[in-house]
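One chain, chain A, appears in both complexes that follow, with chain B as partner in the first and chain C in the second.
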Partner chain A sequence: MASIGIKDVSKIYNGGVTAVSSVSIDIADGEFIVLVGPSGCGKSTLLRMVAGLEAISEGSVTIGDRVVNEVDPADRDIAMVFQNYALYPHMSVYENLAYGLKNRRTPKAEIDARVAEAARMLELQPYLERKPRALSGGQRQRVAMGRAIVRKPSAFLFDEPLSNLDAKLRVSMRGEIKRLQRRVGTTSIYVTHDQLEAMTLADRLVVLSGGKIEQIGRPLDVYHRPATTFVASFIGSPAMNLVTGELHGSKLALGPALIDLGATVPTQGAVTVGLRAEDLHIHDGTKGDLPFRIDYVEELGSQRLVHGVVGDQPLVAAIPSEIPLPETASLSIATAKLHFFDSKSGQRIDWVGEGAIAASIPAMEVAAS
Partner chain B sequence: MKRVQFSSPYLPYLFIAPQMAIIFVFFYWPSVQAIQSSFYLEDPFGFGSTFVGLSNYSDALGSVQYQSIARFTLLFTVLVTFLSLGIGMLLAVKADAVLKGSSTYKTLLIWVYAIAPPVAGLMGMMFFDQHIGPLVKLAAFFGWDMKVGLNYNDTAIAMIIVSVWKQIPYNFIFILSGLQGIPVSIREAAAIDCRSGMRRFWTMTLPLLAPTAFFLLIINMTYSLFDTFGVIDVMVKDKAANNPITLVYKVYMDGFRGNDLGGSSAQSVILMIVVFVLTIFQFRFIERRVHYN
Partner chain C sequence: MYRTRLLDHVILLIGVFIMVAPVVVAFMTSTHEAADIHRNGLSLTWGGYFTETYNTVLTRKGGFTGEITGARMIWNSLILGIGFAAGKIILSMLAAYAIVYFRFKLGTLFFWMIFTTLLLPLEVRILPSYEVMNKLSLTNTYTGLIVPLLASATGTFYFRQFFKSVPEELLEAARIDGAGPFKFFIDILVPLSRTMIAAIFIIMFVYGWNQYLWPTLMTTDERFFTLVRGIKQILLVWVGSNIPDYNEAFALAILAMLPPVMIVMIFQRWFIKGLTESDK
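Our next item is the complex of A and B:
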């Protein structure tokens, strides 16, 4: 077990592609870090640099108290779980688990004990003599996990280990990975493009975009206070609504509506406003702040997603299924739940009113539409 | 397996008919002829033939000369097979390490190797030319007066070197493409699990390459037994007298130079049986241990 330090790490591929640029993350001992971001943002590249499968162009990676830039992957004391599992097809499950230990000259009795323990934890005992091709996807996934666990390494590295499983299995394996990591307490870096997986697994999230860190933080902090419009639209499902508004003093003009914020935001004029779909309330007629023209509805069972437009900007509201949909609707939101972002840089703008639970829905002044 | 439906039940047979015809004309028919004539003593001048039973076989197997040729053939086959497979694999592994990812380079290299075998064969022969052969000159430099075609051992060495040399490109292509077929993530997982590259080769690369290697083993044995005829012919130049030859060349010598069609047929039948037994043995005992994905 060890802490991991990633300091100003960049990856420039031959041909000049910068896949990762100047990333720094300090990972505490036993922490579960999830790297999340869209396809091609450099998550795998960063993970592979930690693993030693990819050379580090700039910066340094420290595992424990050792800079590992020049250390062979086998000597970094890490174990990796691959997306396609990368099980050795000619070896039985037992041999797959034992291979890494055997090559490290672990005594036979110790190997047997560790394999038996991992097999018990992962419920793999019935399959130890089988070849990987005779296993289901979920079982292969567990063997891949087992191969990492038996090594008792300083760190686990996961590269989208669940993305080849069906949705239901993914949810249960997700729980299992979290449970196992808690139990063995090994520092973990986990790569995924699935924000839900990221939210549920992470102690801390690292949101990446275009090879750069957008935000590092605990899942709920990232969810409640996204640092940029990119994070806002990436974390949370459905994605946060981002619309353009205009700030005049303590008033926000949003489409046809004018909302009194009760406090000033440290910027004026055009601004990007973020509204979470689940923070929006729907009202019959014009009782809400924002007149809302409904386009279509997605039924999800527990809730429904109502797609429509405010002014000329598309917006999604998530509302409980039991609330009947009005003919003419309007939306309201607690001002404390509004997010503001710089309309050019996309950076979050903090303001005094946020997070404060508004006692009442502020007075509304609906302009004629 | 995917089942394909044909509109007529005869259509599939029609499709394989040309192949069957070729196999029949060039394999079954001559085989039957050979088996038949191996029981007869053919008059060298074409005046009929006499049934002699198994005496052609007992003559061949009992002859000291035949036995020594058989021993040489065995040695030759084993050496050529393992050297050409071994060197081909060594080169392919080295090339594979360089080739990771750069596909244009890869295509170029394979293309060069794909046209190489006949050219390589010709070059191999020229290496040992008595007058201009650089290897003969090299040997002379070290005080070894190489007499290919005259001295038994010199000829044997030259034959083996040229035969191996000719077969390396073929093995190289197959092994290289086999290596490229090993998933990158498996190699990477192995790199994390095992530090020693040598050990990884024995425990990971080689077993995953086994289907290719097994296929090549059969191909190379067949090559050493039969396809080396041309090499031997050039080196021995019909003067088998004091030179090493293989069983196939002996079949040719006895049949076409010695006009002993019966004896030569008996020898081909013996060879046929040897190949048959070898093939069955390989598929029964080796293939079972080979992992197919």
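Our next item is the complex of A and C:
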């Protein structure tokens, strides 16, 4: 068990391509960190640099109080779970679990004890003599995790471990990983491109884009206060609506509508406005603030996603399925739930009105549409 | 589903007949006496001299020095065949391992250099090879018989392709599990290549077993004669007024066939298993 320090780490390939640029993350002992981002954002490269499978071009990685830049992967005291499991196909489950320990000259009795313990935790006892090919995907993934657990390393590294599983299994394995990590309390770094996995698993999220950190924070903080438009559109499903608006004093012009914010935002003029689909309320006729033309509806069962346009900007609203859809609709949103981003840099703009939880939808002026 | 019809069986039977009939004729003829064969030619019936002929072939000391027996020749052939196949596999696996897993300068160039030698048959370099062996006074030794033939472009190429198909993550998992280059090779790659090894072993054993020109050149001492050479030796008697021992030649030919057939039968099961098992 150990903390992990990633300090100004960069990966620059021979051709001059920068995959990861100057990333710093401090990971506390026992923390579950999820690196999330679209494919090609450098999250796997970063993980592999921590594992020692890629050379670190710049910066330093510390595990515990040891700088491990030049340390062999085997000596970094880490264990890794791969996307395609990477089980040794010719070895039985038992041998797969024991291989790492055997290479470290662990006494036979202790190997047996540790394998038995891991097998019990992961409910693998009936399969110990089987070869990996005789196991299902979920069982293989459990073996891969068992291989990490038996070593009792200071850190677990997960490289998209669930992406080869079907949707149902993914949900149950997600729970299992979380439970297991709580139980053994090992510091973990988990890479995924699935924002839902990231939200549910992480103690803290690291959102990466183009090799740079967009935001680090607890899942709910990231969800409620995305630092950039990238994070806003990446975290949460459906993605946050990003529309362009214009600020005039304490008023926001959004398409044909004018909304009184009740406070000024520290910027004026063109701005990117973020609206969560689930914060939008739908009204019959023109009772709401934003005139909304419905395009089509996606029924999800518990809720429905209504796609439409405000002015000429597309918008999605998530509404409970009980509410009947009006012919002509309009939307309203609590001003406190509005997010503002710089229209050029995409950086979040904090303002005083946000976070002030509105008890009811405050009165808003309805602009002539 | 396709239903097997009578015609299919007929076609298969014709195939079996074409393949097996010559062998049966050779075997049947080998049980006759030499004079009988000389008079009546090949025969399809049982001659009744099976034990005598095969006993003679295996145990009678013959040749110019009177020291070489059929059993001895089989032994020599086995040494050549197995040494040849095993040596080629070990050498080409190691070469392929180096080419695939170690990024050294000009690695690709070396690979293609090895690969282009595929185009040259053994016979092209047989005289220089002989010259070298002669200078090292390795003629009439098993070493001289086997070693010069070991470098194998075919084997290296097959193993290279196979190693390239082994998932990269397996290497990474092994590295994290604390397996060094040597351990990874022995513990992971060799067991994974079992079926590939079986396939190459079949090909190379038969190739080595059937070598004729190189053993002829390398061995003048009869103690090192291989079976394939022995058969030829028997027919050489023709020069005199003797009737050549046709029966013995046929018996030797049958004997020469047995080990490769057995090897193919033993390894074939692995071979097919390897082809049908999907994941590595």
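Annotations for the structure displayed:
We adopt the following convention: the second predicted complex is superposed on the first by the 359 of 369 C-alpha atoms of A that agree within 3 Å, B and C clash if a C-alpha of one lies under 4 Å from a C-alpha of the other, contacts with A are read in each partner's own complex, and residues count from 1 in each chain.
Note that in this section a residue touches a chain if its C-beta (ideal position, glycine included) is under 8 Å from a C-beta of that chain, and two chains touch if they have at least 3 such contacts.
Computed from a predicted structure; not experimentally measured.
On the shared subunit chain A, the superposed partners chain B and chain C overlap sterically. Legend: residue contacts after superposition of the two complexes on their common chain; A:Pro89 is shown touching both chain B and chain C. Touched by chain B in one complex and by chain C in the other are residues 51-53, 72-74, 78-80, 82-84, 86-90, 99-100, 103, 133, 147 of chain A.
Chain A meets chain C in the complex at residues 51-53, 72-74, 78-80, 82-84, 86-90, 99-100, 103-104, 133, 147. Contact residues on chain C toward chain A in their complex (touch as defined above): 167, 169-170, 172-179, 183, 187-188, 191-192, 194, 277-280. Of all residues in chain A, only 51-53, 72-75, 78-80, 82-84, 86-90, 99-100, 103, 131, 133, 147 touch chain B in the complex they form. Interface of chain B with chain A (complex): residues 183, 185-186, 188-196, 199, 203-204, 207-208, 210, 291, 293.
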